[in-house]
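Same chain, two partners: chain A is paired with chain B first, then with chain C.
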Partner chain A sequence: HLATSLPLPSERHHLRPRINLIVFMIDIKSKYSLKNVEASLAHVDASFFLGKVCFLVTGVGRVNACSIETNAVCKLGEAYCSPVLFCELELEGIRVATAQRLVRMLQICTGHIPGVSALSFVSLMRNSDDD
Partner chain B sequence: DNVDPQETAFLLHKAWTLYSVTPLYRFHRARLRDYARLLSAFIAAEKQKGLAVEVGVELGIKVAVSSLADLRGSEQDQAAVLVQLSLRSQASSRNSEDKLVWSGWFCSMYGDDLSENVPEDFTCLPLFLTHGAESYTSMVGSWFQKTFDCCFRRLAISPLNLSWMVAMWAGCKLDRADSAVELVFSVPHLSQPLDISYAVHPEDAKALWDTVQKTPGEITQEEVDVFMDCLYAHFHRHFKIHLSAAKLVKVSTAVASAHCDGIVKILHSQYLPEVLMLLTELAISQIQ
Partner chain C sequence: MDETVAEYIRRTVLKIPRDEIKTMLQKWSFLSEAQLQTLNFHQIKENISQQVVQLCEENSADIKQAAVLDIIYNHTYQNKRMWSVYQMKKSGEELEYFDITDFKKKFKGRLRSALKNVTITFKEYEDNAIWIRVAWGTPHKKPNQYKPSYVVYHSQTPYVFISASVLKSNLPLLCQALIVACNYHDIREMELRSHSLNSLKDIVFKRYSQNFQTYYSKPLQERNVEPESGDIRIVQENRSEKERIHRLNWEVFGCGPQPKLEFAQYKLETMFKSDPKMGVLDKKEPFRCLVKFSSPHLLESLKSLTPAGMADAPLSPLLTCIPHKARNYFKIREKKGLVPESFVSP
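After this line comes the complex of A and B, so read on.
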């Protein structure tokens, strides 16, 4: 399901299947996309931030076109206890690898991988902070 | 640091193309005249190979390499080095002067981050600015690369860095700010390219910056963000367009202007060290 911002329209609420993972996409070339994501985060229920949210930063291949400081995005990830993935959609290899990572995360979030739950993402992040 | 206005008059009001340069190996300031001679011979040889730029009578290029003692920031900075290419004058009459066709200068303004970590035998002048035909830039660059084992790269300026520049420069105190603060945006994803030019009265821009900046002399990313957000919000209120979704490609103030392709024009000698310091920092981060 794709949306340009949150909250999702309430009309379709009863038809919508359960949401297991929210990927917020931030285009490094667009300050507006960061602002949009920040505004949308306010509409997400707190329970999602236990491993069911991740930030995907696109366009990182073009360093000279960046309008957003990567530090700001990393801080956002820390504030919301959610992983930040960086990718370049224009390169097929990276696009495919990123898609595979997201599918893997989704499998974990829907409970299809025995022994691993979405909460693992949160504890993984905390461990790397302690390092 | 008082920079001699006469020495630096040549660099105002010209569009300079920016490059980053890695440290020069075994560059000796005492040998500037030798270098001029060698570079001149190199250019003559290149022209013989058929890479001539001028059509018609080839009069030969005269090369001058000089040191600009005052053009530096800290004690560790090397003084700037200026290279000038002139076409030899035709007649031997007293009134005919050589015509300056190309200038390029190496500079380091508070480039201590780089010069501190570099072994002896290396001279750090990370910023290179050129004005004139690209073919001459290419020849001069090739000679320096061969002679001092250094590497030149075009210095592009990201929208993030351009917004730093416009915030800093719009906030500069000037006796007379006679030109508007202008931001030019390029709108992506359209079939026909569209540029949006947003001009703000310089006093309004300075007043805005003054309300944002907390500590004089210090600028933070947050302050730059607030300044830009105010400009974006104002524009959106009037035109319902989110400039933050477009690409900032050029900024222009009474102090200086900068384009994302790495082209700057310095308009005011008073803030020359500040402008050069920012550009030196950009050049160093491209090298490292």
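After this line comes the complex of A and C, so read on.
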């Protein structure tokens, strides 16, 4: 399901299946995009932040057009205990690889991979320096 | 033939891209077809221009003819220059019949009575446009042919488009001559500037597709917001929001191409608003700030902002009013009330 912001429109409530993974896409060229994501995060139930949320930063190939600092996004990821992926959608190879990663994450979140659950993402997020 | 004229013609020809030289010389029609046949357009431009000068020598070209070639060049490459728009005002309601000869006589007369050393050239085009080229001198110096001003006047309208030379001091004189020649009593510069002369004309002559505030219950069924041919597994959650944005955009911008402007400039003379505890500015004086938007095609990029999700719909009226207010330079002063009301024409 694609949405431009949260909360999701209520009129489609009954048609929506259970949500297993939320990927917040941030366009590194647009401050507005980051603001929109930050505002939408407030509408996400806390249980999603146990591995079912991920931030995807797009447009990183165009170094000259960055409007957001990667630092800011990484801090956002730390604050919400969710992984941050970087990709460049305009390059087919990276696009495909990123899609595969997301599908893999989704498989784990839906419980299709035995022995691994979404909670594993949270533990992988811990910085080795913390130990 | 005067050496300065020869040099001027040579330099003008050099400016023209090689593939266009023949066409432009034909439009000029100063050299005969037979003479043009003798030119080799496949050699380097240096040599072509030398040959052209030689042919002009044969025909004893003077500055008048050279000036016409310059007008033709600037008419073809009009978008290289920056144009400003001026509006003239009539005192009465008399609809006078426009006489081109009378116009030229009055214009030349007015300029020459103030400044002896000027070169004035006219050329008329099919779309009722009169192009005027003025090269300026001083009482002691011959006109500088390399920094002329260009004026485009459509006789049935009160608008004049001017691409002035760097010498701003000649502008009042030029404006005076225009009022006299066109039978108006006043002229003022509009806050509208662009490289695209046609777009400026589109804006002031209202030739672009404006949208009138009619309400359509189902906006343009044939324009699909999202292509339905996409994967059916993809569900668009915000379809109605997207449709609202497209409808608002269509209401503001219409569906045709937008006039081409490169800048919008907003000079702010408003008070800086901050947390009073921060005390950033002790003095209560306006915070001077200039906001400039630039783009290869400003209005089209504004039109694409909301569908691209880069800005909230509806866009600020300060941005969307540009074509119907016919201005892209604004001064915003402090005013209590709605934001659109707070810009004041200078």
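By our rule, the second predicted complex is superposed on the first by the 127 of 131 C-alpha atoms of A that agree within 3 Å, B and C clash if a C-alpha of one lies under 4 Å from a C-alpha of the other, contacts with A are read in each partner's own complex, and residues count from 1 in each chain.
Rule of thumb we're sticking to: a residue touches a chain if its C-beta (ideal position, glycine included) is under 8 Å from a C-beta of that chain, and two chains touch if they have at least 3 such contacts.
As the structure is a prediction and not an experimental result, all values here were calculated from the model.
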Requested in this report: Pick one for A:12: touches chain B only (first), chain C only (second), both, or neither.
Outcome: second
Query raised in the report: Just chain B (first), just chain C (second), both, or neither: which does A:32 touch?
Result: both
Requested in this report: Have a look at where A:4 lands relative to chain B and chain C in the superposition and call it first, second, both or neither.
Outcome: second
Query raised in the report: If you lay the two complexes on top of each other, which residues of chain A touch chain B in one and chain C in the other?
Result: 30, 32-33
Query raised in the report: Residues of chain A touching chain C in their complex?
Result: 1-5, 8-9, 11-12, 30, 32-33, 36
**Report entry** Residue ranges of chain C touching chain A (in the complex, touch as defined)
**Finding:** 234-238, 240-242, 309-311
Report task. Enumerate the contact residues on chain A facing chain B in the complex. Result -> 29-33, 35, 63-69, 71-72
Requested in this report: Over in the complex, which chain B residues touch chain A? Could you list them?
Outcome: 156-160, 163, 188, 221, 228, 232, 242, 244-245, 247-248, 260
